[in-house]
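What follows is a set of structures for review.
You will see two complexes here that share chain A, one where it goes with chain B and one where it goes with chain C.
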Partner chain A sequence: MLPTYVSGAIIYSNLLMLLSIGFTFAYLTAKVPNFAHGGNAAIGIYVTFTLVRIMELDPYWAILFAFPICGLTSALIYKGVIQALKRRGAGLISLSIATIAAQMMIFASVNIYADYMRGQAGAYARVFLFRNEDFEWLGLPGVLLVSTLLAVSIITVLHLMLTKTKFGIATRATVENADLAGTLGIDTELISLVSWFITGGLAGVAGTLLPLWFQSTPYTGSLILMSVFSASVVGGMSSIYGAMVGGYVIGLTEVLGTSFLSDQLGSWVLSYRPLIPLIAMFIILVRVPEGLAGIAGKIDLSRIRESASSLSTFARRRRGDRDA
Partner chain B sequence: MIKVNQLDAGYGPIQVLYEVDLVADAQQITVIVGPNGSGKSTLLKSIMGSTTVYSGSVTYKGRDITARPKHQVANMGIAYLPQVESVFAKLTVKENLIMAGHALEREEFEARQEEVMGLFPFLKERLKAKATTFSGGERQMLAMAMALLRKPEVIMLDEPITHLDPKITSQVVDKIIELRDGLNLTVLLVEQNVKTALEISDKAYLLASGRTMYEGPSQELLENPELGRMYLGIG
Partner chain C sequence: MPSQELLLTIITDISIWFVLYLIVTIALNLQYGNTGIPNFGMVLSVAGGAYVTGALAGRIARLYYNVGTDLDFVADSAKIASMINNRLASDPLGGIVLFLLIIVIAVVVNAVLGFIVTYPSIRVREVYLMMVLIAAGEAIRIVGENYYPLVGGTTWVQVPNVFIWLGDAQRVVVSVLFVGIALLVFWVVQRIVGSPFGRLIRAVRENETVVESLGKNTVGIRALVFVLGSAIASLAGVLYAFHSHAVMATAFQRSSWTFLPWLMLMLGGKGNNRGALLGTFLLIVVRRLIMIFKYEVQQVIPVEAIWLELLLMSGFLILIMIYRPEGLIPEKPIKVRGLDYEDMARVNARNRESGEGDEWRDWQLE
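Moving on to the complex of A and B:
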């Protein structure tokens, strides 16, 4: 049996990691930060709400529905906003603002949906929590197990996709040099479109699990975006592996840090929870401006291999001397 | 094979090329020379569909390819090796080759990979090495291997020997000649190393300030002291 705040920290970190991977992946392929990413998580939250409150299904079915719905939403944003504006010569600032506009539209739609649910279906959809609908296994909350399993599975699948499949290698090639990829006959626009579908789907999946542990509202998607952004920046914005570590660092810091500070200073600290990831981001970036992925990039594997080889030679010689 | 007709092109509102004409004949080396900023690389990029074309046309084997998306131009049989970043540095040699042959079936890819390994044997031992560990000359060789793997009919090379040391330069030059004489490819070459480029090519174009100043046999340009002195620093 884990303390509640530890379970919460792990669940939150798992979900933040999925969201950060998506945010970074979308940025790498289109070179635009997708501020509508939190909107996809909000859609995921309301898919769970619909399934549990309206259709009276198990909340975990939402994963299957949210992935395609949020994937399509994200692909639509790419095709209808990013690609269309890029063709008209829009720069990074215009494109970023356009994704904020898309986020506002999703936020408004989710609010309308929440009110519609209350008016038409009689289900209160403005604040909800589904901990009671979750299962338990060996005293552990189901969402802790499912989110961990999901995070590990998705990371494994993404890693295999990026390193072992033609599409994945083409994605890495497009991320590194889209112009060169185009001259080799790779349809880089298609690669970006599919990547945005996948990232939207991941945000939706993360969103479906949020109401199983955290109180959810139409604002949840917008609020979590700050943490997602911090985790991605801490990760370096240049690698999904950096985003994974960034997600965990920010997730654990946010939940455990808030819990620690509220114990020490009082419950008023809880209101300032969204500040914690920003402060953590600031501290980490002061020390490592290129983010955590930058540290990994600086590790010279060949030198480590050389040192390991010298050590093993030394150990062999010592053993030989002893035996003699 | 490739025909550029009265092309006005540039980048967004900045025009670089003015009424440029070019004909690259089959199985010949056509070289484009000229001072820095004359529009040589822009001409190659315009053929690949990477620039803004204001007027004029580009045709390949009689088909209009003006301003087509570059992946479509590439899939029609035109390979392009850019001046810099001609390989994916973060990918391994094998992955670079997979990208070059991404449209091929596995068996065909393996067969073609064997073929290019025959032309560039050093790649065989370094399939798992990342391209970032390669020298400039080795990267050019890998870029050529990637282009040849796709069995193009036309190969466009943007300054392949400009920044190489003399020993590597001669190896790359030999490969360029082999592209024409051994593999019967049409080569369109942009090069700052004017003397070498004119010596190995059949036909030359001299560009200056985005306009064509000379069109004709390479040997004639090489022996023209006036143009050589004015634009190329030779003669």
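Moving on to the complex of A and C:
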């Protein structure tokens, strides 16, 4: 049905979008970039591995397990590291290096787990691909459908949560101005903690689906983080909707761009795939540092202001005509 | 005597690693400790220095001595290196010139690389700079591991032994030379930090807006310090390559060349070079001991030593930052030439007695 690189591009973009929404959202609430985000995805990958190889279950059960596991890991990082450091007056850079330390801890643990699993499940615990464990529907790979459904439903739920619920409105207030939100009785630390739980869980969910289409290793989590950075920068790091678009832009560019270039130049291009998001990030930072959200904002604002002023002059003139 | 031999081995081993990491930590201290630039991509410059050495030292020497020019540089690098070493054994001047030439090239290349990498992000939000630097550190590893002609991809290239003419004295002399280079770097950075420019970069760290209001170009200053730090850190890569006579792209991981220097700096105390020195020394000793007793440790805890080490290091960093954020040696204000501190103390004492006038605060008196 679909060429494999198109399915791959869509699946990758869906998962990247989930990851970059999480990265941006966690940054917006706590004002700390969560560099352990890739680590949560790595945990998700190994949840799938455990379910498929050790328990011999359907890989999609991993979504149910990975969400709480990775959510709790992420919440633990926030509670145990970020909050403890914030209380001692640590600045942005200290908090960031602490999340890198957390990433290193997760990375080491995942590697230890993979080594242990190699003893349990044979040689393939460090490099694996579960395309054969997936179902097919109308000739489409199952992970394509599931990841798309998941992406759409998670965006819908997040959107409804942010706009319709009290918690969501409190979250947006925290994002806009944490101090002001605090004076209104909003527990901003709780909001950040919950958002880190949710985003960590989402990263884990994205991770569980990765091995169904892409070859996965303990390093996958750190590598995909480069695409997540790029997607978030494209999105402007200022709203989850920007991150959504950024995830798709970078995901499609990365996969389709790599397959296009490897057709043109030869298969050696494939190994340089992670450089594409980096180059995209450079271009965006040089040309439009505020990201796509910034461009959209600029266009809208200027147009709206223009049309609003012309409308108001028009209305005034009409009124003036009528009065006269 | 074998025990004396072993002791010498341990001392030279520790001193070489200490020197390599000291250079990186000092560079990081200049960038982060003094100027507040979060360089999460330190590995970029170290790998850059090593790649320059791996890719160019052999090629330049091969052309100069006109040996093995028909061989494949990467596949036959061992053969080429041994041919070059034969010639270098009787050509001390050639060895020294090659060593210095590679240092100059590496410093220039990495300064340019540092400028290019930070160009898009040093003027925008701090978070972007962090992300770009992390990504750039990963990118250089990807390039090194995949671009075969550079340093052999996942294999390695041999680096000519530029000190082979020293014969048996090589190990000791090279250790002393490297320690000398590190001390020179330490002294130069210490001078920079103590100069008016040093006060300027600490002012940039504390409050960019204030510095800009005084007519200084903070973006330019930050870019300059980053370039300077990159150039210094690349020295570590060059020395590493010349010491191990080989360059292997897989050796330049984020954990060992970005994270470990950060841990050293945080342990010792950021913002002062003595702290950086102490932190580097302590961690190198601990790390080398872990490496030496790795088999004994593995008997007790059946986990690969590198992961155990990484786990311990990262946990340790978090604990330091929570319980002793200023490090073992906290930063102290640097005395400024031209100010009469004794007179300021006298003025203080007089004002305190009379209860009039402003007091010089402690940080001005230190």
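Note that the second predicted complex is superposed on the first by the 294 of 324 C-alpha atoms of A that agree within 3 Å, B and C clash if a C-alpha of one lies under 4 Å from a C-alpha of the other, contacts with A are read in each partner's own complex, and residues count from 1 in each chain.
Rule of thumb we're sticking to: contacts are C-beta pairs under 8 Å (C-beta built on N, C-alpha and C of every residue); 3 or more make two chains touch, one makes a residue touch a chain.
Being a predicted model, the structure only gives us computed values, none of them experimental.
The superposed arrangement places chain B and chain C next to each other on chain A without a clash. Legend: residue contacts after superposition of the two complexes on their common chain; A:S271 is shown touching chain C, with no touch to chain B. Once chain A of one complex is fitted onto chain A of the other, the partner contacts of A:I112 are limited to chain C, with no touch recorded for chain B. By the touch criterion defined above, A:E136 lies against neither chain B nor chain C after alignment on the C-alpha atoms of chain A. When the shared chain is aligned, chain C comes close enough to touch A:S96, but chain B does not.
In the superposed model, A:K166 makes contact with chain B only, not with chain C. Looking at the shared chain after the overlay, A:D58 reaches neither chain B nor chain C.
Among chain B and chain C, the chain that touches a larger number of residues in chain A is C. By the touch criterion defined above, A:D263 reaches neither chain B nor chain C. In the superposed model, A:L285 lies in contact with chain C only, and not with chain B. Shortest separation of chain B and chain C in the overlay equals 12 Å (C-alpha atoms, whole Å). For the contact definition in use here, the chain B contact set and the chain C contact set of chain A share no residue.
Per the touch definition, chain B reaches chain A in the complex via residues 12, 48, 50, 69-71, 74-75, 79-80, 82, 85-91, 95, 98-100, 102-103, 146, 150.
Interface residues of chain A facing chain B in the complex, by the touch rule stated above, are 89, 166, 169-170, 172-173, 176-177, 179-188. Those residues of chain A lying in contact with chain C across their complex are 27, 33, 35, 81, 84-85, 88, 90, 92-94, 96-98, 100-102, 104-105, 107-109, 111-112, 115, 222-223, 225-226, 229-230, 232-233, 237, 268, 271-272, 274-275, 277-278, 281-282, 285-286, 289. On chain C, the positions that touch chain A within their shared complex are 32, 36, 38, 40, 119-121, 123-128, 130-132, 134-136, 138-139, 142-143, 145-146, 254-255, 259, 262, 266, 303-304, 307-308, 310-311, 313-315, 317-318, 321-322, 325.
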